[in-house]
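First chain written, first letter: the chains are A, B, C and D, and each begins at residue 1.
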Amino acid sequence: METEVRFLKVPRVKNPVLIEGLGGAGHVGKLASEHLVKEMKAERFADLYSPHFLHHVLVERDGSVRLPRASFFWARVNGKDLIIVSGEGQVTSPEGQYEMVEKILEVAEKLEVRRIFALGGYPTGRQTEGKPKVVAIATDRELLKEGKGYLIPGEKDFGPILVGATGLLLGLGRTRGIKGTCLLGETHGAFVDHRSTQSVLEALEEMLGIKIDTSVLEERAREVERMVSKLRKEFERRELAEGAEEREEPWYIR
Amino acid sequence: METEVRFLKVPRVKNPVLIEGLGGAGHVGKLASEHLVKEMKAERFADLYSPHFLHHVLVERDGSVRLPRASFFWARVNGKDLIIVSGEGQVTSPEGQYEMVEKILEVAEKLEVRRIFALGGYPTGRQTEGKPKVVAIATDRELLKEGKGYLIPGEKDFGPILVGATGLLLGLGRTRGIKGTCLLGETHGAFVDHRSTQSVLEALEEMLGIKIDTSVLEERAREVERMVSKLRKEFERRELAEGAEEREEPWYIR
Amino acid sequence: METEVRFLKVPRVKNPVLIEGLGGAGHVGKLASEHLVKEMKAERFADLYSPHFLHHVLVERDGSVRLPRASFFWARVNGKDLIIVSGEGQVTSPEGQYEMVEKILEVAEKLEVRRIFALGGYPTGRQTEGKPKVVAIATDRELLKEGKGYLIPGEKDFGPILVGATGLLLGLGRTRGIKGTCLLGETHGAFVDHRSTQSVLEALEEMLGIKIDTSVLEERAREVERMVSKLRKEFERRELAEGAEEREEPWYIR
Amino acid sequence: METEVRFLKVPRVKNPVLIEGLGGAGHVGKLASEHLVKEMKAERFADLYSPHFLHHVLVERDGSVRLPRASFFWARVNGKDLIIVSGEGQVTSPEGQYEMVEKILEVAEKLEVRRIFALGGYPTGRQTEGKPKVVAIATDRELLKEGKGYLIPGEKDFGPILVGATGLLLGLGRTRGIKGTCLLGETHGAFVDHRSTQSVLEALEEMLGIKIDTSVLEERAREVERMVSKLRKEFERRELAEGAEEREEPWYIR
C-alpha cells in the first residue's frame, strides 16, 4: 500500500489558498485547522490514508472505528477559496513524511493552489508572558513583508532547523514553485495552547484579509488557565505544608 | 519479496464470513481462531508469507522447519461458509502491518466476503473478576445492535485507539466497503487467557447463530487456574516465612 | 538500488549442491564455507551486493577498498558440483534478509540446485565438553535420516525458532520445492570456534560422501586453546594473588 | 518520492574529476568541499534531494527555508574540469546511503567522470601532534603510488572498515569501473578541524597538480586554537583553585 488520497468530490475552486494545520508544538497547528474547519463550515472533500501512519485505528465513543487520516476541507470565504488540511500528521519515518507531504502537494497542484500557509507552534519550554508572538518563515523573503510585526528568525534567536510536515510542505512546495508561509505561534510546548493558536489565526486573518472569530478559543484558553491556576494554588499549598521547594513547573498538562 | 498469498485451493463459498484471530492481548485472538479451526475441522486452503515477519523459521520437534505464515482455513457450519485466518500476526513495521492486512482483504474480496469478525483481547492489567466481558467495536454503529449485552466503548472507559492487525482489518475493510465487527475479550494481558477466549467465542456464537463447543477451553482454563493457585500458595508460604510483603502480582506467567 | 547478483561467469554444473556458510554463532558457518573454498580450490563466479548490508566498505591492508558482498564459488569434487556461498551475511532489516535469501535462491534455481546445506552454529553459552555435537534440521523429516548420529531438536532441548539467513534459506527454499538440511555445530557462541566447525564439516562429509581435510582447523583450534589456556593460567595466578573470586569466564575472545 | 537530482544546467566538461566532501570526522570533508567551492568560485549546477535525509528544512537568518540537499558545483582550474559535491550527507538508513551514492555516481557517469576523490577525516580520539597526516585508500592499489608520503592502512594501524558516503562512493564506483581515491585527514574527531582539512587539501593539490590557497583555513585554525588555548588556561586555573584533577579533555567544542 502507498500513501493515497481518496476524493469524495473535487471542489471547483479559483486560485485557492491551502492552509495546513496537522500538528506541531502545543497542538497549535491542529487546533488552528480544526477551528477553521468549524468556523468556516468547511466541507470535507478528500482523505489521505498512509501506511506510514501508526498501524492503529481510532475508536469513536459509539464503538465505530476508522483509520487515521488527514482530510482536505473546502470553504469559500469573502469570495476566496480556502483548502484546509487537518487531521493525522504523525508518521513513523522520515521517508513517510516526505511521501505524505508530496501527496498533499499533488492535491495542491491539481487544484492549482498558488499559495500555502502552514500553521504550527514553536516551543520555548517556558510559560509565555503576554500575548504569544508569531514567527514567520517563508519560501521567499518577499513573502515575509506581507504581514507586519511578525518576528522573523534573523531578528530573534530561532533554531536553524524546522522538523516535520509543516516545514517540509514549504521546502518541497518551493521545489514545485509553490510559494508558502509558515506561521508558528510561541508556545511552552508541554500543553495544548489555545492562546498561541489565537495569535496564529490572527496573523492568518491579517495576511489573508478575512475575518476569523476566535472567541471560542479565548473561552477554552480561559478554562485551561483557570484549571491550571487552581492546580497551581493547590500545589503551592501542599508544597508550603510540606516545606518542599525544589520543583518548578510540574503541574503542566502533558 | 512482497507479502504474498499462495493458494493450495480456492474453496467454493457463498457469502462467507471471515473470522480473524492472529494475536492480541492474552493471546485471545490466536486461541480463538485455533480453537475454531480444530472444532470446525476447517481445511487450510491458502498461506500468507511476508518479508515483514521476523526473519526466522519455526523448528518443529521432528526437526523440520517452516516459514512463519498466516493461513486461511475454510469450514461449512450449518450451511454457513466460514473463512478463518489464523497464525503469525506479528510484523516488524507499521508499513508491513498495512501490507499484510491489505493482502487479507484482497483474499476477502476474491471470495466475496461481506462480513468480518476480528477477534482479540483488551488488556486491563488486573485479574478479571467473574466472567470476562466482551467489548464490541464495528465499522458501523448499526452492527453493534446485533449482539446483546456487549459493552461498547462509549459505555465504559476504553482507550480511543486500537493497535495492530485486528483494528486495521476493520479500518481498511471499511474503506473497501466490507462491514466488520471486532470482539475483544477482557483479559489481564500478562498471561494466556482461555476464559476470555471462551467469552469471545460465545459472543461470536450468538452473532453468527452457530454452535461452538468450548469445553476444551474450559478445561485448559481450569488447568491454568490450578497451576496459578498452587504457585500462589507456594509463594505466599515463602513470603510469610521471609516476612516479605512488597510485591503484588509477580506470579503470573508472562 | 536493489540487492543484485553480478555474474563473473556461469559455471556448467549438473545437479549441484549448494552449501551456504554466511555467519551464525561461533562464526561456524563462515569458517566452514571459507575452509571449503580454500580446500576445494573453489572458483568465485558471482557476487551478491545489497543496500541492506551496512553502509560501509572493507579496507584491505594494501589500502584498496571493496563493498561488503556474499560470493558464489564453484568446485567439482569427485564428479560432484558444489556451489559454496560465503561472505557477508549480516543485513540491517528483516526485509533485507528475506530479499538476500531470495536472491541466493534465484541463483540456486538458475543453476538447477536440487539440494541445499546450510551451515551454522547453535550457541549454548557454555564451554563445549568433548567433541561438539551437530544438530540437524531440514525441510523434510526424511532428510534427517540421511546422516547418522546427529541430534534432531525433538531429542534435545532446542529452541523452536532459528533466526537469520541459514534458517530462511531452508524456509524459503521449501516454498520453491528445494530440499535443504541445516547443520548446526554446538558452540559457546562467544568465541570463534574451529572445533565446532570441524564437527559440522565432518557431518557434511558424511552426508555428501566426499572427503574434507580439516587438519588446518585442528591446528587453529589447538592454537586458540593454547592461548586460552595460557590466559586462563595467567588469570588464575593473578586472582590467587589478589584473592579475587567473583568472575567466571571473562577471558573469552569476544 | 525517490532520491533525485535536479539539474539547473548541464556543464560542458572534459574528463572531469569529481571531488566529494559531504561529512566525516572533524567535518574535514565538508570543510574541504566548501573551501574548494569558494576558492574556485565553482558554479552550482545540480541539487540532490532525498526522502532519506531527515524530514526537516533549514531556516536561513532572513526567514526563508530550503530542503536539505547535496549540491554539485563546477569549476575549471588550469584547464581541468572539477565537479565538487558538497552539502548534506547524513541519511537516516543504510539503504538511503546506498541510494544517495548511486545517484551521485549516475551524475558522474553522465558527465563521464573517470576519477573520484573522496575527502574526509579519520578520527583518532586524541589531539593531533604536529601536522595532521593523511591516509590514502583507493579502488586500486596502483592509485596509491600517485601521491608520495601518504600513509596507507597497511603501514599503520587503521580499522578495516570505512563507514558512510565517502567509502561507499569508492566501493560502488569500483563496481561501475570508476577509479577513486579517498583522502582522510588525521583528526581528533570531537571538534571542527581546519588543520586536518588543510592537510587533505594539500594532498589533493599534489595529486591533481593544481594550486589551492588554504590561507583562510590557516587563519580559522589559529582562531580556534587561540580560543581553545584560552579556555584551557581558564580551565586549568579553576582546576588548580579547586584542586580537581580527574578530567582530561572536556573543553573541546563538540
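Here is the rule we go by: a contact is a pair of C-beta atoms (placed from the backbone, for glycine too) under 8 Å apart; a residue touches a chain by one contact, two chains touch by 3 or more.
Note that the coordinates shown come from a computational prediction; the quantities given were computed from them, not determined experimentally.
Undergrad: Check every other chain and keep only those touching both chain B and chain C; list them.
TA: none
Undergrad: Would you kindly say which chain has the C-alpha centre located farthest from the C-alpha centre of chain A?
TA: C
Undergrad: Same or different: do the copies chain C and chain D touch each other through matching residue numbers, with over half of them shared?
TA: Mostly different residues.
Undergrad: State, to the nearest whole Å, the distance from the C-alpha centre of chain B to the C-alpha centre of chain D.
TA: Those two chain centres are 54 Å apart.
Undergrad: Could you grab the centroid distance between chain A and chain B? Build each centroid from C-alpha atoms only and quote it in angstrom.
TA: The separation of the two C-alpha centroids amounts to 38 Å.
Undergrad: List, in ascending order, every residue of chain C touching at least 2 other chains.
TA: none
Undergrad: Can you list every touching chain pair?
TA: Listed by label, chains in contact pair as A-B, A-D, B-C, C-D.
Undergrad: Mind pulling up the chain D residues that touch chain C in the complex?
TA: Checking each residue of chain D against chain C gives 93-95, 97-99, 102, 136-141, 144, 152-154, 158-165, 167-168, 170-172, 174-175, 182.
Undergrad: Would you pull the chain A residues touching chain B in the complex into a rising list?
TA: 1, 6, 49, 51-67, 92, 96
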